[in-house]
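Each chain carries a letter (A, B, C and D) given by its place in the written order, and its residues are counted from 1.
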Amino acid sequence: MAEEKWKTAITKIERNKIAMKGYQVEELMGRVPYSHVVFLLLKGELPSEEYGVLMDAMLVSSVDHGVTPPSALAARTVASGGAALTAAMAAGISAINRYHGGAIEGCMRVLLEAVKRKRESGSDAATVAAQTVDEHRAAKRRIPGYGHRVHTEDPRSVRLFALADELGIAGEYVEMAHAIRAAMKEKLGRELPMNVDGAIATMLCEMDFPPEVSNGIFAISRSAGLVAQVYEEQTRMRPMRRIDPTAHEYDGPPDRKVG
Amino acid sequence: MAEEKWKTAITKIERNKIAMKGYQVEELMGRVPYSHVVFLLLKGELPSEEYGVLMDAMLVSSVDHGVTPPSALAARTVASGGAALTAAMAAGISAINRYHGGAIEGCMRVLLEAVKRKRESGSDAATVAAQTVDEHRAAKRRIPGYGHRVHTEDPRSVRLFALADELGIAGEYVEMAHAIRAAMKEKLGRELPMNVDGAIATMLCEMDFPPEVSNGIFAISRSAGLVAQVYEEQTRMRPMRRIDPTAHEYDGPPDRKVG
Amino acid sequence: MAEEKWKTAITKIERNKIAMKGYQVEELMGRVPYSHVVFLLLKGELPSEEYGVLMDAMLVSSVDHGVTPPSALAARTVASGGAALTAAMAAGISAINRYHGGAIEGCMRVLLEAVKRKRESGSDAATVAAQTVDEHRAAKRRIPGYGHRVHTEDPRSVRLFALADELGIAGEYVEMAHAIRAAMKEKLGRELPMNVDGAIATMLCEMDFPPEVSNGIFAISRSAGLVAQVYEEQTRMRPMRRIDPTAHEYDGPPDRKVG
Amino acid sequence: MAEEKWKTAITKIERNKIAMKGYQVEELMGRVPYSHVVFLLLKGELPSEEYGVLMDAMLVSSVDHGVTPPSALAARTVASGGAALTAAMAAGISAINRYHGGAIEGCMRVLLEAVKRKRESGSDAATVAAQTVDEHRAAKRRIPGYGHRVHTEDPRSVRLFALADELGIAGEYVEMAHAIRAAMKEKLGRELPMNVDGAIATMLCEMDFPPEVSNGIFAISRSAGLVAQVYEEQTRMRPMRRIDPTAHEYDGPPDRKVG
């Protein structure tokens, strides 16, 4: 009896052939940017030019946030015990979960629900946003994706929304994200700008990614920052040091402009 | 007594400001591709246009290799126990070590040593390559980066070397990689084409990356493949299944051409 | 302003002094078995003699289950890429989650709820067990902890229940576990013996452990099996092999009796 | 062609039968302590009564060391991002490597080499110890296992050596460990007591464990401490806090005596 083979729809491997979602790897290499291939692997299709730009900007936005996020501290701490670079990186990636990056998924669920309700009810975004804010207040739950413990106006969020506008791909989810911000300002009397998690959530909704994969996209992006963090720990610090999460300072290249 | 602050040269965080190696994140977003920002974080400078293309192609080359590498199998197995996407991904990344991707580091060390010797001795590449092959034979050690259990002529290697030529950035390491291949053919009577690990090693040497970081670069690239693998396992397979490493087949999109 | 210190109630460290939950480590060593110290760390008190025996038997019951559980396969697969013993072990531990060992937590929640209901309603165990089975059938949910894909009468469960009886510590949770088994037999017409997850769940309820810690207790126990699995993989197998989850056989010491 | 089955010598699984190294699990449960089963899995045989006591004391000695070791901090940090208990635990275990617990392996290699040399040369322990200290000084390398950043006379080491004496199992490795301490005192003019890593290394040598497995034994022991640390973090602390590695204090049960 021939055992049935299990199926995978990601990559086909044959002798001298590697094809991802139908595209031969050597055709992608040098023609399609890495960030677009990430989109391809997760969505099954290459992105449009506009989505490609947005996907790329999104990956850049989260690539590193200094030494204080739990992912960076966990990775450095594991490295400090003498672990291999990839083992330390893995610990950092494991730290990306409900509270660290998890607001992306939470915010996506709020936006998906709100836009669905708007479509089904025929109401406008402001009305649904007001309901959404009321319901969260009644349930004493925060709407994920708004507010940040460090940044009052997160440059990454501002840039992502500006890009979506420039590229002409700001749709119902961008509209709803703004409507919720406005509703919170009116009802709570507080300006709670969207943080980078919220901005990424909005863009992932626009590009029709499933919420379940959002932690993974954040982790792909941050993987590069984690390699940099671990490599610095391994080459610049002594082993087994006590890594203070606050008493640190930047001594890298000074401020400069691209190009 | 003020405790001394520890130093980091990667990212500067201030209120409403995030600067990586001196560049503000919002300036990078939408202008500098993710792959170039990876280069920036690990090397301290943005790549030249040519190195940028090569870096990007390199990241694309390793993004996925189907379900059989230990990284994919480990990630799927952990997911199969019910772990979070990032925990499963982390297991996959931990599998990248001496034997899985490790040939990149091994090959880099051989190339670095050979080119150093060539420079110091004033010999030509062929002479040093012949010595290198002889020494490895005498020590009964394989030269990492040549030969592959599946691919006889790896399309990824071919493409990387072709790109380096096209871009005019093939230098002493590319020369030495070819010279070692020729020397092995002559001395062992066998054509052992460079595999993708060897090709990446050669390109990393050309771009002056330290060998210690090579596993990390491979892991950054593969992180996207791992998210795709884990997400497929979580959404398409039943939990706790026995994941057969050979009895599987591809059922994704058929062969197609880029644009 | 002096920053407030954060608190921990586990271990006090001073020069030449290590005290866990108030007991000096050197007093515990050689007098209190490791399994009892595990109980101490998680419950805050040393176990009674009877609970100590049960705790020990429970840790022994789960220490290894051959090469097929996801934890063993994940750990071996990561080891096969060349990772360190502890990194491979870590992958195995990460595989312990909702579906692998997770039935312990699920079963604990069912038993805790059922016994609570019995106490509050004044009904007998059989009545509440019947309700519990009915409710799960109506919701088309299985009751975790019953049935096993390999063992029809799991020797570990049998032994744990026998020990609880012998030790005179079988209480309301043991009673309810039996009552649910009987109710399922009556209503489903099938004998679904309690598996080891269910038996451990019952014993953890009797000893008043919180369900949230159950995966951790299983992981402590299995950590030894994982070291054995990884060490065997590292010393006996070649790297990067394809680890078939079914085509394996035992060639260790033959059957023998204790003492 | 029937594919050959791969072999494992750890546990035999058949329907309703689980036998570890030949012993049925239900026979071990309740009769053989967990710590002895750990010995069985790693050495292939149950320990003698004396080795059993020593093994148990060794596992107790390393079960926890408060919140400051990299393993505890990494585990807490990952938990703080919202990861599952087992994922956080896994990060902690990965932190156990060359510098964290690694001195056990390093010290074992020194002791194994020294005792081998003593046997082969017919010299006494003092002579070989003096050579060993001289060689390490000449190479500017520390002998692992001596000295501690916190404890000047580690109560765990003192107790392990005392137990070995009491049990009558102190042999050539204990002798050599003392001889090296004496030689260091004479040659360096400093009293460097053996730390717990060194004491464990000595006992593992006496019981004939391979050095490669020492990190694993430490990780088995510490796994319980990590569960306690993670559970405390998850239940007592707020998510995403900055975990200061120095500003903490113990507020658990006060000092007390065992039974």
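Brief remarks follow.
Operating definition for what follows: contacts are C-beta pairs under 8 Å (C-beta built on N, C-alpha and C of every residue); 3 or more make two chains touch, one makes a residue touch a chain.
What you are looking at is a predicted structure, and each value in this text was computed from that prediction instead of being measured.
Most remote chain with respect to chain D, judged by CA-atom centres, is A.
For the pair chain A and chain B, the CA-based superposition corresponds to a rotation of 180 degrees in steps of 5. When the C-beta contacts at A-D and at B-D are tallied, the pair with the greater total is A-D.
Averaged Cα coordinates give chain A a centre that lies 23 Å from the centre of chain B.
Between chain A and chain D, the centres computed from C-alpha atoms are 40 Å apart. Separating the centre of chain B from that of chain D, both taken as means of CA atoms, is a distance of 36 Å.
Shown for chain B are the residues that touch two or more other chains, namely 68, 83-84, 86-87, 90-91, 94-97, 243-244. By the touch rule above, chain C contacts chain B in their complex via residues 68, 70-71, 73-74, 77-78, 80-84, 87-88, 90-91, 94-102, 239-240, 242-246. The touching residues of chain C, counted against chain A in their complex, run 83-84, 86-87, 90, 94. Chain contact summary for the complex, chain D toward chain C: residues 3-13, 15-35, 37-38, 41-42, 44, 46, 53, 56-57, 59-61, 63-68, 84-87, 89-91, 93-97, 150-156, 158-160, 163, 212-213, 215-217, 219-221, 223-225, 227-232, 234-237, 241, 243-244, 247-259.
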